[in-house]
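Look at the two complexes coming up: chain A is in both, with chain B in one and chain C in the other.
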Partner chain A sequence: MSQGRAVWGCQDLGVRYGGVVALEDVTLEVPAGSVAAVVGGDGAGKTTLLRALAGAVRPAAGVVLRPDERRLGYVSAGPGVWADLTVDENLSFAGRAYGLPAGELDRRTAALLERTDLASARDRLAGRLSGGMRQKLALAMAVLHRPDLLILDEPTTGVDPVSRAELWRLLASAAAGGAAVVVGTTYLDEAERAATVLVLDRGRALLAGTPDEVLTATPGLVVEGPAKPEGVASWPRGARWRAWSPDGPAPPGTSPVAPDLEDAVIVAQLRQALRRAA
Partner chain B sequence: MSAGGPPLASAQGATKRFGELLAVDQVDLTVTPGEVVGLIGANGAGKTTLIRMLLGLLLPTAGRIRLFGEPPSRRTRARLGYVPQSLGLYEDLTVAENLAFSAAAFGSAGADLEGELAEQRDALVRDLPLGLRRRAAFAIALSHHPDLLVLDEPTSGVDPLQRARLWETIRATATDGAGVLVTTHHLSEAEQCDRLVVLANGRVAAAGTLAEVVGDTTAAEVRTPSWEAAFTALDAAGLPVSLVGRALRVPGADPDAVRRLLADAGVPAQVTTVAASFEETFVVLAAA
Partner chain C sequence: MLAMAMKEFRQMFRDHRTLALMIVQPVVLLVVFGYAASFDVDQVDAVVMGPRAAQVAAALPEQLEVVRVAPDQGREEGVDALRDGEAVVAVVTAEGGQPQVLVDGANLFAARSVVTALKGRPELPEAEVLFNPELKTSTIMVPGLMGVVLVFVGTIATALGVVRERQSGTLEQLAVMPFRARDVLAGKLLPYLLVAAVDLVVIVAVGVLVFDVPFAGSPLVFALGALLFLFVTVGTGVLISTVSETQGQAIQLALLIMLPQILLSGLIFPLDAMAPGVRWIGYLLPLTYFIEVARGVMVKGTPFDALLLPLGMLAVLGSVVFGLSIARFRRDLAPAARRHGRRPATDTGEGRAAPIRTGAK
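For the complex of A and B:
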């Protein structure tokens, strides 16, 4: 932790691939000691944003604020480990890449193997680990050198709830130690745990703020009823239906409910589709 | 919603042993017409083995599996639609070719493609965004009007609006009288199901509606001016602590024990007991 309350992130960031706009006008602030979630589906721009924060993509516009690359930890989507190396070898390879002295590397490796429950698997090839264990190894490799900024691209995709809880505990522990943590995810129930949320849609910020701010800013009324209501945009929730009434009141047969983040994003996507159509 | 009637699929005391490993241990499960049942479990909990037995790909070591009232066979396979997590599409064929291929295999008339999927009918599957690939896989699985639809994490990786549209299709299929079995471990999908069956270590750890599964499981919620110190103390004690915004939660923990730990560490905190979330309940069930 070189700085007490450093703020990392980006301002008005734009990224183009060839002529295609991948990101436009995206701003994200991640203070040291906090967790930010970047949410979006396939093609929303999550990976591009995280790669730009990690310095792997050159911005076409705007500014990226990131620490020196030796003070950065990055876990890409996908395997993120060397399948043909053992758990131990993966850790020592990563540690040497960050220039950790041998004694420090040994201490951190032992501590992280214990934390991640990987100690009994230390001689196993990484390619033979379960999805959850592989992600824990990738995360352990990224935090070996106690980075100031930790960037994780969908660390919990395909990971079961028990391993997912452990992964979130590990990244919260990095934040408790002073790191700024940015997590890409497609799951809004995960995003609800973060201090701030940035929802991307087609390369632009759709919603941003604390989870409470995002919910409070939802315009109009979100309602729920037993049947699909007529004349308003609706979506199923179990055997019941939720709907958005932009100007109120609640359509007949429905009553207002407190929206959750899933509802808030659906409403924002519906509004944007209306604006595009207009 | 017209759930009821004789079960489309049922497992009674279904057990599968691989050598020493008891993968599925006396599991009961039914899916009746009109209902969406969620099969929830961690990796290695026995979900995939149970699904393979229901599909007729594995024989149970003990217990009984019935599909449409008879043992799984090629005949029952024709009444079943299945979308694996990998989607099972031919990536080098177009959407229309995939549909035609499946219709030929099932001897069905095929189906009309709608909306954006119709516009992309001649696109290669591998060139489509994930949301459309998922919709194509659904359209194909539904094209022979199956009585039972089996879906593996059906909305993984897509955005909330696309997820809502996929669930609209799933719900409409159930309302038309089919039964749906969804395997998932995501809350957003579990919430969409009428009933859940939670597997842990090959056994049914809980079953019922989402509210029934969560039941009276609680979490200790910690509010403190210094969450970092509180987190470090609880984490070091080996508790399954999680950070939610700037508060901490410890599922299944005794609030007095949490208070004592924090007092010993000199961290000022307010500890209250709150209802556990679905995910927290799952972690508690899996650890039991």
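For the complex of A and C:
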């Protein structure tokens, strides 16, 4: 697979909550040093997959490959920080939980506070931080011990664009430092920055591969026009409309466009719906 | 206005727990109060000592239930019987003259009723009240209130502390951190135990210094009783936290558990005055036994061996409640706990061979 690099992830993973199937036959490979994005709408199974990878959910089938928990970093979909502790205290708790020696903890804390721009807020209660700052703190806590596998569940949801960019810079640098990073997100523009993308739909893998592979595998023709075209499946994009023509020419009044990841996911969902209907 | 009321009704009926609390609790309180709320002790246990014991025992007022007649024993054994809680009244007879009637003042309401009853019996002497000679309420209330404070700190504070972790979503964070479930629990509980211990010392000091409550017995026995009792209350707190999603629910449940303890433990109403139908509930409550230990040790100087039953009951209740709470708490942190087994740090599905860690370092 890779030249001696660790590969984490799961194979044919299945998870059930009681009788409900939350995940089925999901495979994800994340080599060390790369970022994988797990994409899907609400209820698609993103959080379940990430929790199973982190070890917070027991799989019903399949195999999870994860490092020892001391080498794992996890940012849950919740706040992930202790609101009534200060920034410093949160970091110190995480460092001690992962067994960092005092000197190392101080060095890492100082470096991460610097890189997350949280140095001026180090004595502030985590509950008083803005959403973006809180997520940066959660991420700093998760990477403090330089984990081999870093799992983040929607770290940028509800975060302003500047903080989003900063968060991505931070997790890209964690990957550059050798960590395998798995990010759950609903934002497809973010997923395009990842090395691989796994699109989940109703607990199953809808699309998987590099962003380019996913785009080139999109069948048929994606077109765009000023009005909602008749007779084909369409979706709004800004003030205009896009449509998918599975095997035909562009409908009148539209012209073909190069699909992006959002188009690819919508097309995949449409195909899935067609197959189910058939 | 109607729209608002409809919305409120919908929300009320959706929250089954609050609804149950609103409907069930008043009924329970009414029944419990009706049967338990009585200060009138009709029957009081008595021991009769001395050479004319049998003769005097036969002539005692009906209110006194003679549990032991010991002709070859004297005043000293009579005092012991009161101190160890065997009886509330000890009648010590002599060859000639009137017998002495000793009453356990730590058993306030029974003692008061005996003292009143004896005043109307010229053939018997005035009662001599031991341990709490002035029959002061504070002397017996302060040791009991210590129990209530420990329930507050142990149960409510602990439950809130653990539920806060769940409600804020950080319990999941803890579950994937390299902690064992028992480390999380022990680390979580230690501060509450320490605060409760400090509380206890403060209340004892205030009780002794401000309210003149005696401390006649062994501090060690008292500390042992308090420690065992704390185990029960803290365990109850954890148990409540494992079945509560929010801090509000935890407080409701804690109150539901606290009220019967306060009413039925003998703190306010003497157990002996309760109808048998509710009295047995009192014997299932940890506070009942802590009060027995606290009042015995502080007011009467009851020694360790006479308190084996309440101490033993606290130990049993503590083991049951704490065992249950650990089992349930472990389930919350189950996946993390499981990974501490000897198995490799990977999960395998059912019926699969051990996975191969691809390219692991």
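Remarks
Heads up, the rule we're going with is that the second predicted complex is superposed on the first by the 274 of 278 C-alpha atoms of A that agree within 3 Å, B and C clash if a C-alpha of one lies under 4 Å from a C-alpha of the other, contacts with A are read in each partner's own complex, and residues count from 1 in each chain.
We adopt the following convention: a residue touches a chain if its C-beta (ideal position, glycine included) is under 8 Å from a C-beta of that chain, and two chains touch if they have at least 3 such contacts.
Keep in mind that what you see is a predicted model, and the values were worked out from it rather than measured.
Of the two partner chains, neither chain B nor chain C is touched by A:231. Of the two partner chains placed by the overlay, only chain B lies in contact with A:40; chain C stays clear of it. Applying the stated contact rule after C-alpha superposition, one finds that A:163 touches chain B and leaves chain C untouched. When the two structures are aligned on the shared chain, A:79 is found in touch with chain C, with no touch to chain B. By the touch criterion defined above, A:173 reaches chain B but does not reach chain C. Once the two complexes are laid over each other on the shared chain, residue contacts for A:211 go to chain B alone; chain C is not touched.
In the superposition on chain A, A:63 contacts chain C only, with no contact to chain B.
In the superposition on the C-alpha atoms of chain A, no part of chain A is touched by chain B in one complex and by chain C in the other. On chain A, the positions that touch chain B within their shared complex are 33, 35, 40-44, 130-132, 157-158, 160-165, 168-169, 172-173, 175-178, 186-189, 192-195, 201, 210-211, 235-239, 262, 265-266, 269-270, 273. Residues 1, 36, 41-45, 129-131, 156-165, 167-168, 171, 185-188, 191-194, 210, 227-228, 231-232, 235, 240-246, 277, 279, 282-283, 286-287 of chain B are the ones touching chain A in the complex. Contacts from chain C toward chain A in the complex involve residues 168-170, 172-173, 175-179, 334-336, 338-339, 345-350, 352, 355, 357-361. Contact residues on chain A toward chain C in their complex (touch as defined above): 1-2, 4-7, 11-14, 31, 51-52, 54-70, 72, 74, 76-83, 94, 97-99.
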